[in-house]
Structure formats: structure tokens, C-alpha cells
Amino acid sequence: MKVISVFTLSSLVHGFSIPFASLSLHPPTRLFSLNSDTAVVCIEYQNEFTSKGGKLHEAVSPCMEATGMMTNTLEVVSAARQLGAMVVHVPISFPPNHTTISGEYGILANVKEGGAFEAGTWGAEICEDMTPQEGDIVVGGKTGLCGFASTNLDMVLRQNSIKNVALCGFLCNCCVESTMRTAYELGYNVKTLTDCVAATSVEAREAAVEHNFGMFSTRLQGVEFIKELKEREEVFESKRQFFRA
Amino acid sequence: MKVISVFTLSSLVHGFSIPFASLSLHPPTRLFSLNSDTAVVCIEYQNEFTSKGGKLHEAVSPCMEATGMMTNTLEVVSAARQLGAMVVHVPISFPPNHTTISGEYGILANVKEGGAFEAGTWGAEICEDMTPQEGDIVVGGKTGLCGFASTNLDMVLRQNSIKNVALCGFLCNCCVESTMRTAYELGYNVKTLTDCVAATSVEAREAAVEHNFGMFSTRLQGVEFIKELKEREEVFESKRQFFRA
Amino acid sequence: MKVISVFTLSSLVHGFSIPFASLSLHPPTRLFSLNSDTAVVCIEYQNEFTSKGGKLHEAVSPCMEATGMMTNTLEVVSAARQLGAMVVHVPISFPPNHTTISGEYGILANVKEGGAFEAGTWGAEICEDMTPQEGDIVVGGKTGLCGFASTNLDMVLRQNSIKNVALCGFLCNCCVESTMRTAYELGYNVKTLTDCVAATSVEAREAAVEHNFGMFSTRLQGVEFIKELKEREEVFESKRQFFRA
Amino acid sequence: MKVISVFTLSSLVHGFSIPFASLSLHPPTRLFSLNSDTAVVCIEYQNEFTSKGGKLHEAVSPCMEATGMMTNTLEVVSAARQLGAMVVHVPISFPPNHTTISGEYGILANVKEGGAFEAGTWGAEICEDMTPQEGDIVVGGKTGLCGFASTNLDMVLRQNSIKNVALCGFLCNCCVESTMRTAYELGYNVKTLTDCVAATSVEAREAAVEHNFGMFSTRLQGVEFIKELKEREEVFESKRQFFRA
């Protein structure tokens, strides 16, 4: 018996382009995965934050250790790649003298004064453990806080038919939270991986997760997110016969 | 026999919200339509443009008559409502003295100087023939040209799971074209209904359609768009048995 | 002796429009004020939040009382109007059935489920004490959280040459904070009036002010902001002779 | 006699940051220039368009020659640097396989199919004559058409207190026009340098300039823009004594 499939369905109906997922975009492992509509968005895993000697490492180090966020993140991105989800890196950087920002007040003043994340320096490089793999996308342009405001993140996600966005990285209550708020507003299904984020204090992280994250996202731990990816993949596998003519 | 359906599929897979369409949003006729992912976006069908006595009516009147755009548009929105697509109205308006804009130069200077589209006046009202019907959405905030820049249009479309956007209205090479350009950039599947738009000159319309519309949209006539809506609905109807348990 | 003035300066230099402030926009009292580059942005002073019987009033009432935020806000907007700053109202509202949002999860799900802020109802009205006055602007389109994302707020501020934005209203850690984050990103000089905001718990307000507000704004109390407006006006008054030919 | 200056004025008035221009940002030549509020935005002067062997060079070559746009542009950016204006480069690029875009239809489909502007290739490099100089800014992220939509352009301009934007580059009726439309909407004072732009046909350029550019910008030739920059600089020089204590 021939059963109509979601893939067939789109091609049946001329004049409209509603691919269930933009299949042509993805590396082989994502081609037939239900998770191809899902992206793990990794914010600022750069030496300045992640690595000994980074200008902001000491500030975030206690919070990183409290949750084990590096280990957790590495498991998440590894699982994502295997299970058909996209990994998107969102680094921040500035030209010499930080000429892209005025640095008059607020957190960007600190960044400019400290000369952090200067393009071409070790501090601005994505840390070795998080080196982008084939199939990952590295977002360009970030010179502000929100992952969307000064970048091509929204375009990259839209053009890849991403619906679900899982957020992790630095700082929990700064760039991650701004990105979460905007992603929610833009209509994505936002997940915050609460043990894959760090702030400059344990209290700041806890306050953000407790008071703010639930309003704009579903909060879950890295392992729970991996479990969801697996379950979707299994359901999809078990039903695959129905999706093929 | 029980066949997996696209609707069931989403609910099968816990933790992710990927409704084929946000069913709860729509009036009954759109509930089970494949066209529920499609919106007809009607830009500035307000008396100032459409009706005798409107401040800009004489300027657009020759171009309106050349294509019969009012008649064509009315057929499109009527078909859209019957066939499960959403109709979205995007009017423009300004408070007294046009305090929301400076009007220093460009087209907004003309609008301000002419006192056009003042909220609360007859000129700013959507014309009688295009009166919003139940199930339509009226977008708020438009005080500029692009239908997205100063409004909730993107949010309304995203929240209603709209993928395909068909554009019609005024002015072909001003607000309609800016909206088309942004919609393309935002990842929508954009269609421009070339005989449902008008400009202040026949030449301006023709130049826009010939040189610009093809870069950011699929160009088609109102009747062709209606035909597409019908064909999708028929395919869907004929397969509906497979989509129900 | 004839002294060059900032006003004269702009007009001296043909071909560029860099008015110190868009003078034509403002009501008489703002015409020659240094504070005409400043706006007080009042977020959601609507009955649903502010008034007994409002659907969310009980939730925010303890926090409102703890800071006296209504009294403080009324003093701020009154001073702003007298001292040449603009007052901007940013209400939220939804059509019947909240068709502009899907309400699948997060805070908008609560808003939709509770039927809050329905356009045309008493709950969605700006409360009596905060009734917009002549010269105020009411922003349109808000159907999300951030004051910029689904509205004409940015356009209104840009077109009125606003540089400094003082934020107050509801909820401290939701709409106010999202607006603050975006305003900072958009290059405004952002001030948060910490005793003119309220959240659904005293702790949520305190956490936001302590951990987040300093990164994206200058925190100050209503009376401190009023003092700043006064001092700028006095300096300007005392120097006015130098600014006139 | 001591005369109040615009620079002194800002620092006189505590609590507000309204620099006439963000002086700290600029290289020495821009420090005291009235033109420091002005940017020349150069769109896609990359080999793919500008140079023999570029994938799109033949398509734009007739239009380039008709106006002499390369020569004109080089004079404009040279004058801008000397007269205190900022030069901003807005290149477009894509990772291998153009994974940042789906390329389903419209102009991005052509770009993807043709493999144009791939990052790291000669075609994506800014052409030799337009090599960024010290003090210039290179915008990041552009993977779409509008110069603002997928980049940090707005942030860079805002953070550098830019008010006037002069546009030049490729394609006249595609990226340049989309950037012009958005810049106007964002409140910049937009100038289009009509003999510093090229399209894939002479007719397309003429239609855009005639029908569309006047609605969203002031049209002028490169030499006229240079004259404006010079006049502003001269006025400023002649009055400089009044601006210093």
C-alpha cells in the first residue's frame, strides 16, 4: 500500500515550497532526521571565557565548575551532530580598538576597556574542544549581546528551516538571556539548557534560571535534551516505513 | 488500518512543538486546510488611496484602472477566506500632526506635509469593500513604509505558522516592494500578485514588476494564485482519509 | 557679538540634516529644551496590571507597594512633560481569542489562557492616572514582550531624535527588561528607574535590578532622574544667551 | 572670552551622554570633523562583481562602464577619509555549499546555484582598489541582500554616532536599494550616489534611480557629495575658534 508522506506531500502541491525540512542544506546525517528542524546554539565558547588565561575566565570559572557546563555542552553538541540536529556557533569579536562599539557605558564599556575578544587574538578564538565540525555553522557579525541583534543568526536559522532552538553558553544572564528573549519573540520553540550556561556569579545564574528563563523558554538539563533528540529520532525511525512510498 | 498523520506525528514526539499549523488559532474553515500556512497581506487598502476623495486617489487611479487591481484583490481575499488562507490587513496611520515621523525628506515628508492617513479620519479607514472579516487580522503600528519595520506583522505571521505570503496593495514600488524585500529576507515564500498592486504611475509599476519583483518573489496574477490555493485544497481533500486515524 | 549656536550650525551646512532635535515635532514646551532628546517609556500601565480587578493586579500588587512605583511614575511623567522630555506609552493588547499569538508555551501562553489584555476591554485600557496627555505618544502594535519587537517604538524614537530613554513599568524582569536589553543594543542611552517598576514578586525585581540592569542601563531612582532633567534644563537656560544669535 | 561649545556642553550636563560625535572612536583625522557623523557605505565591491573573471562581472560590466562607477567610488572614499567621514565596507559571503541559505527561489537561488561569493575564494575578496584602509570598518555577517538584515551594520553606525549614510555599490536595484529602504526606515539621512552604483542592466539602474531612490533618499552624484563634505568641513574650520574654550 502506498501511503502519503510528509515529504511527498510538499512536492505534490505545486507552486508552494513547504519542505518539511530544507533537505538539501544538511550534511548526510541530517538528511532524513526529524531533528533537522533543531539547532543547538552555542554562545561564545571562546578562550576569553572558557580557557585559563582568558580575560574573563576567572570571573566565570566558579559558575562553570558548579554546573560542569563544559562537559555537559560537549555531550550535547556531540549528540546533536549524531542525531541530526544542527550545531551553530555564535562567537563575538571586535576589530582593533573595538571601533565597532562606543563603549560608553554598560557591559560593552567593560569589554572595550578590557580589550576583550579582539579579532585575530587567541582570546577571541573558539576554544579547542568546541572547534566547529563539518556541518556546523559559524554565525558572523556579533559585536553586541543578543545573538540575533548584530548577526546573521535569524537568517541562518530561517533558511535552514530551524524551529527548535536549544541555547547554551556565556553569560547566562547576558548574551544567552538576550538571545533567549529574542528567539522567543521571533517564534522559535526555545529550550534553555540550564546546566550548559555560566555567569560571573553562581547567584546570577540561579536568579536568571529561576525568575526569567521559564517565561521565554522550556528549561531542561543537557541530558534531558539529548533524551528528547533520541526519542524523536527513534519515533521517526520506527515510522519511517510510513514516510516512504 | 491506522495511518500516521502529520497531526498525530507532532503530538507523538514529546518535548517539541512542531504543529503542522497552529490549529487553535484559526477559525473553523482553516482548521484542516493545507492553506493555513498561507497569508494574503493587503497593504493600505485605505480610502486615502482607494476611494474618490482620498488624498492620494487621483495619483494612483490610472494605475488601479490599468490592472483592475481592486476587483482582482477582492476576488483573491474572498477565495483566500474560503480556501483556508489567512487575510492580513496592513494599514498605515499617524496621530494628529504626524508626531510619529519627522518628515524631513523622502516620501514620509510628502505624507506629513499632505496630512495623509491621519488616524481617526475617513482617509485612514480601510475602504468599505475591504472591511476586515472575522478571522482576518489587522496589523498594528505601521507608521513607516515596509510592512514589517514598524509593526507586529512578523510576529503575527510567525505565531500563526505562516510560510507563504502573497502581497497586494499600495504602492507597488514603495510599501509593497519594501515589504516584499523584507519578507524574502525573513525566509518567507513570497508571492507578488502583479495585477493586485498599484503605483503612482503605470511606468513605476511596470519597472518594479519587471526589474525587481523576480529577485525577491514569485510573480503571478490573482487568478493564478487562486488556482494554486484551490489545487492545494483539492489535493489535501483527496488525501484527507490518510491524515485521519 | 554673534556666537555660533548649535541650531544655527545645522542650518549653516547645506545638504545635511542634523538637527540638534527635530524641533517641528514637539509641543511648545519642548521646543527649546535640551531634554527634547529624552523619552520616558512607560510600559503597560494598563488596568490589567495597575488597577483593582485587573487580571494580573494581585500578582504585581505586593511589588508595586514595596516601591511605591505608581506614585513615583506619576511624578516622573509629570516632571518630564514640564521639563521638555517626551512621554511614550507602550501598551500591549490582543484581538479577541488572542489570534495574534499562538500561546504554545512561556509567558504568552499564560496571557492567552487568561484572556488578558484583550483590546476593547477595560483591562487593556491605560489606567486613568496615566491617561496620555497632549504631546505624549502612544506606541502601536505591541503583541509581544520586548517594547521594540512588535511595535513602532524604534521608529517613533528615531524620528523624534530621542537619544536617552528612561524605562518604567511592568514587568520589571519581563517586558521592561527585554525593552532595556534591546534599547541598549540599538544604541540608546538607557536609564532604568528602579523604583518605577514592578514584577510578580519582590525577589524577581531585586534579582533583575541587581544582576541584569547594570549591564544594559544606568540604574537610578525616579527622583534622581527628575533631578537630572532639572539640571540639564537649568544649564541650558543659563547658557541660552549663547545659543541665540 | 569663553564661549560654550557643543563639546563642552555635553560634558557640562552630568548623567547624560550626548556626544556630538563619539570622538574616542575615530582615527585622528576624524577627531574634530563635522563629517564624523557621516559614513560612506560601500556594498559588495568584491571581485565577483568588480573584476575580470568574477562570476558576475560580465553581467554588471556594461552598467559599470556607463557611469564610470569604480572611478567615481574611489574618489568618494578617498575624499571621505580625508574629510573626516567613515568608510564602511559591506561584503557578502557564504560558507562552502552556501549552507547559510536555502536558495529555494529568487536571487539567492542564483547565487547558490552559481557558487558565487564563497568565503575564502578570490571572488569573495574585496577588490584591490577598494582594500579597506586604517579607520575603515568592515561589516560582518552579510549573507542576504539588505545591508542591515543579516549584519552588524546598524550597530556599527549607531555606536559610531553616524547620522548621514551615503550608499554606493552593487546591485543598484538589489542590495543597494534594499539597504537604502531600510536605512530610511531606521531614521538615517540617506544619500544615494547615483553614479557610484551598477545593476545587471542599464535600464534596471535607471528605473531604480528614477522611480524609487527619491522616495527613500537624496540622490546626488559622487562629486556633489564630495562638495558637500568639503563645505561642511570648511564651515566647521572657519567656526572652530568658537568651539574651543
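Observations, loosely collected:
Letters A, B, C and D mark the chains as written, and numbering starts fresh at 1 in each.
Here is the rule we use: a residue touches a chain if its C-beta (ideal position, glycine included) is under 8 Å from a C-beta of that chain, and two chains touch if they have at least 3 such contacts.
Fair warning: this is a prediction, and the values are worked out from it, not measured in the lab.
Residue-number overlap of contact pairs with A-D passes half for only one option from C-D, B-D or B-C: B-C.
Averaging Cα coordinates per chain places subunit A and subunit B 32 Å apart. The multi-chain contact residues of subunit B, meaning those touching 2 or more other chains, are 17, 102, 104-105, 144, 149-150, 154-155, 159, 185-187, 189, 218.
With chains as nodes and touching pairs as edges, the resulting graph is complete, every pair of chains being joined. Interface of subunit A with subunit B (complex): residues 1, 3-4, 6, 9, 12-18, 34, 37-38, 154-155, 158-159, 163-164, 185-187, 189, 218, 228, 231-232, 235-236, 239, 242-243.
Considering their complex, residues 17, 22, 24-25, 95, 97, 99-105, 137-144, 149-152, 154-156, 159-161 of subunit A touch subunit D.
Chain contact summary for the complex, subunit A toward subunit C: residues 102, 104-107, 144-146, 149-150, 173-174, 177-178, 181-182, 184-187, 189-190, 199, 201, 203-204, 207-208, 210-212, 214-218.
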